[in-house]
Amino acid sequence: MFRYIDAARHGARLVTITIDGVATTVRAGETLAAALLQSGRPDSRTTAVSHQPRGPFCMMGICFDCLVSIDGWPNQQACMIRVREGMRVERQEGCGCIPLGTDALPGGNDEASL
Amino acid sequence: MKRRYDVVVIGAGPAGMAAATTCANAGASLLLLDEQDAPGGQVYRSIEQPGLVDRDVLGPDYYKGEELVQDLRRSQVEYVPSATVWQVSPEREIAFSVNGASQVVSARQVILATGAQERPFPIQGWTLPGVMNVGAAQILLKQSGMVGEGAVFAGTGPLLYLTARQYIRAGATVTAVLDTTPISNYWRALARGFDGLSGWESLRKGLQWKREIRAAGVPIVEGVTGLRVRGDRCVRGIDYCQHGRWLHLSTDHVFLHQGVVPNINLTQSMRCAHEWFPRQLCWRVVTDAWGRTSLPGVAVAGDAADIAGAACAPHRGVIAALGALQQLGRISNQDRDASAAPHRRALAREERFRRFLDQLFQPSESFLVPRGADVLVCRCEEISAGRLREVIAIGCEGPNHLKSYTRCGMGPCQGRMCGLTVTQVLAAELDRPPAAIGYYRLRQPIKPIGLGELAALAQVEAPAPVAFRSKVGAS
Amino acid sequence: MKRYDIAVVGGGVVGLASAYGLVQQQLKVALLDESDVAFRASRSNFGLVWFQGKGLGNLAYVRLLAQSISKWPAFASQLRDHSGIDPNYRRRGGLNLCVGEIAAQRRRAHIEALHRQQGDEGYRCEFLDRPQLERLFHPLRLSEEVLTASYCEADGHVNPLYLGLALQKSITELGGHYLGGYTVRDVKPVAGGGFELRTDRGTVGCERVVLAAGLGLSELARKVGINAPVRPERGQIIVTQRAQPLFPLPMNGFRQTEEGSVMLGYSKEDVGLDDSTEVPVLARIANNALKAFPQLSALRVVRTWAGLRTQSPDLYPIYAASSECPGAYALACHSGITLTAAHACLVPQWILSGCMPDVMGAFGPERFGV
């Protein structure tokens, strides 16, 4: 478990983000990776090839293991981003899915193939 | 119209800050770009807003960064944080991304102070959540004031002991330190008389750190020859081998370290000449006494050149800056040489320590070339050492051939986590020296960028791509 | 000195396919390849196995392509059996998107001319209208400017890197020899028959030599009296991080691999032996991609590639047998992936019978003059 030590800087206000739908209070100004770790989640994603769990490894933006989806946008490095009030974080399962929206098919949903 | 600067410095660690301040104070137009959102690089990470109020935890060396940052802030440096540089062209056009939007500037002189990274440490289970680099543990401590309770520190090198000591002073429980420094390294050092005073001094400091760690009740296991991290979905423990026997420790956190190596992706993408540096077992860019690379107008400073540590970095930054200023015609050769002299003397003093440390903490081959077939070498694409050896046996002449046949090195980290291991694996399988193996062919972007932001560089009248603001405000 | 019945010079897909075909004829075959750092168009190409749109004005080329494509499924299956590696050949048809009215008109005219030229031969294209394309790509949105696309059921794609691996493995499994790092510097005919190849790792002897050395071909071919003029043409490609399945079919300039990464291309540049990538060209490729599919802007570019195509003066293949030095052959082309199946089948026929198959006959170097 990661915890804040007694000598940690105090006075930081709190913000609320959602992690996989669960509202979580974290210290303002924290990197998202640190916030995830401190909230008891060592993993941020599963891999695309064999669905193995991964979590922050280098904390400096070069390992690309701390990838999460933020507000629907995939492949964001959690260690390079600070938390923001209302941020919607989802752990990334396999490859990130780019948002395509749910536009209805023009002329109905008849998905006739060739 | 592209903005043009006399000097662009990439990296706001100690070398970059010193280089930028020196150039700006000499009146050169200067742009300092750094990927982090605050200055300090990794060694002085979060120095302006430390995560700790108690200065004894990290020790006095960390706070040496304060002066460098204050000098930077006082100077006329145009400093852009959160700027991910993804290209430097041979004509010195620098493309960087801020908040999901890219721009290109041009420079008469470029100083790369992009620092170092930790050497890959491929062992069984190193990809499990809960395993991190020691540097990552240190960043969490410096920036957030956070520790992982009951951690096991494993590996070799001063940073391993330094961080364990910082953890203890922070009040964290540490389960153990597993030292993989080959015992033979000590014998060899002894045979060389510990390289004189500098060696004895380093040794004394190291022994003091070890005493402090043991006094806190943390066992130090020396001569560890094998490591295996255990766990299913996250770390549960670690096996270690000492004197031929395997033992086990339960833990949620494993912090690994076996030295630091230069981060060469940018210089490789620029096709600067590189060479294999046997003493540090890494690739490094070829530089002259002023940090100049084989590309005109491009110099490297600090640990991006080869590893000399935080104490040397500002001196190397100043020297590279002086070299650039002379090239710009802002100072004469004599002034340049005179100003550089005290910095060169400081570097010479540190060089002896560095040589000693490099040789004492050189990792053993068993931790450079994973023996186990299912140890992952390429974390991004999940390629095992066994798979690599299988394909090498079919006929692979080097890392690029191997990359195309296995996907090893094709992930977003662009070979940072696997490149050195691949060099060593190929060297072992082909029975050639690492220098003859070579490295991945890298091109821009050296960090991933959005397709939309790349497209936006094509034309002004294109429809605005959907830009994701990934670094919205701090608090 | 190592000695072989046949030495194939060049470890790209043309050399690999030739050696693969030859090694199945109970001959002692060696494939001589350069070292790790080499231009290698075979490692930096798009992976399309493509028929549509090619060969206007050259019916012989259309026939060659058609023959290769008809052989591809059996070839891929046999390759899988020999190597245990699946090169992921998928043929469900391919599209050429037309962005804008002018592009649509041009494409229609081009395809019509091709249909007139080929008559009943080869494969035909049909044009899909906007509603059909929308249904095909849903939920990926097409921009308003995508009006139509030509579709050909013969088109497909393959993983060109796994193709290379599968060929190389098969060659060794079937008793052939892969000699890596044996960059050939000189080819000398030996009195009484055969050749000596001087390489960076020593001299290699062979009865017959097949030169498939890509951009290095002209120089080597000259040594055996063959005129094989080739020049480099650069193509740049963008590769993104993996994403969910986005494209139902491969397209001219857009392809999603089995792994999920999206490849976007490409350029055609005359820059000599320069295989670097450049932002202005990459930005244009990215911009063109977004002109068709604006939602792709969320993809992240993880790397870019440049490859140097081996181009003959008229952009068609070169197949030549030396009259001066019987037993020496030269091959070059830029559509090496599409022609892989043809090469694997036809090159052995050609070499062993001493008679060039008809379908290759139009591509001799005499068409370039002296």
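Read from first to last, the chains carry the letters A, B and C; within each, the first residue is number 1.
What we mean here is this: a contact is a pair of C-beta atoms (placed from the backbone, for glycine too) under 8 Å apart; a residue touches a chain by one contact, two chains touch by 3 or more.
Quantities reported herein were computed from a predicted structural model and do not represent experimental measurements.
**Q** Would you mind checking which chain's mean C-alpha position lies nearest the centre of all protein C-alpha atoms?
**A** Given all protein C-alpha atoms shown, the central chain works out to be B.
**Q** Pick the pair with more C-beta contacts: B-C or A-C?
**A** B-C
**Q** Taking the mean of the CA coordinates per chain, how far is chain A from chain B in Å?
**A** Going by mean C-alpha positions, chain A sits 25 Å from chain B.
**Q** Just the number, please: Cα centre separation of chain A and chain C in whole Å.
**A** Using C-alpha averages as centres, the distance is 41 Å.
**Q** Can you list the residues of chain A that touch 2 or more other chains?
**A** Each of 49, 73, 75 in chain A touches at least two other chains.
**Q** Could you tell me which residues belong to chain B and also touch two or more other chains?
**A** 411-412, 448, 468
**Q** Can you list the chain C residues in contact with two or more other chains?
**A** Touching at least two other chains: 241, 259, 296, 298-300.
**Q** Under the stated contact criterion, what part of chain B meets chain C in this complex?
**A** Chain B residues touching chain C: 87, 89, 93, 95, 104, 271, 391, 394-401, 404-405, 407, 410-412, 414, 437-438, 441, 443-445, 448-452, 454-459, 462-463, 465-466, 468.
**Q** Which residues of chain C touch chain A in their complex?
**A** Those residues of chain C that touch chain A are 93, 128, 131-132, 134-136, 138-141, 151, 241-244, 246, 259-260, 295-296, 298-300.
**Q** Give the list of chain C residues in touch with chain B in this complex.
**A** Of all residues in chain C, those touching chain B are 33-37, 43, 161-162, 164-165, 168-169, 172, 178, 180-181, 238, 240-241, 259, 264, 276-280, 282-284, 286-287, 289-290, 294, 296-306.
**Q** Within the complex, which stretch of chain A touches chain C?
**A** 48-49, 73-75, 95-103, 105-107, 110-114
**Q** Quick check on the complex: what are the chain A residues that touch chain B?
**A** 1-10, 12-13, 15, 27-31, 34, 37-38, 42-44, 47, 49-50, 52-65, 70-71, 73, 75-76, 80-82, 84
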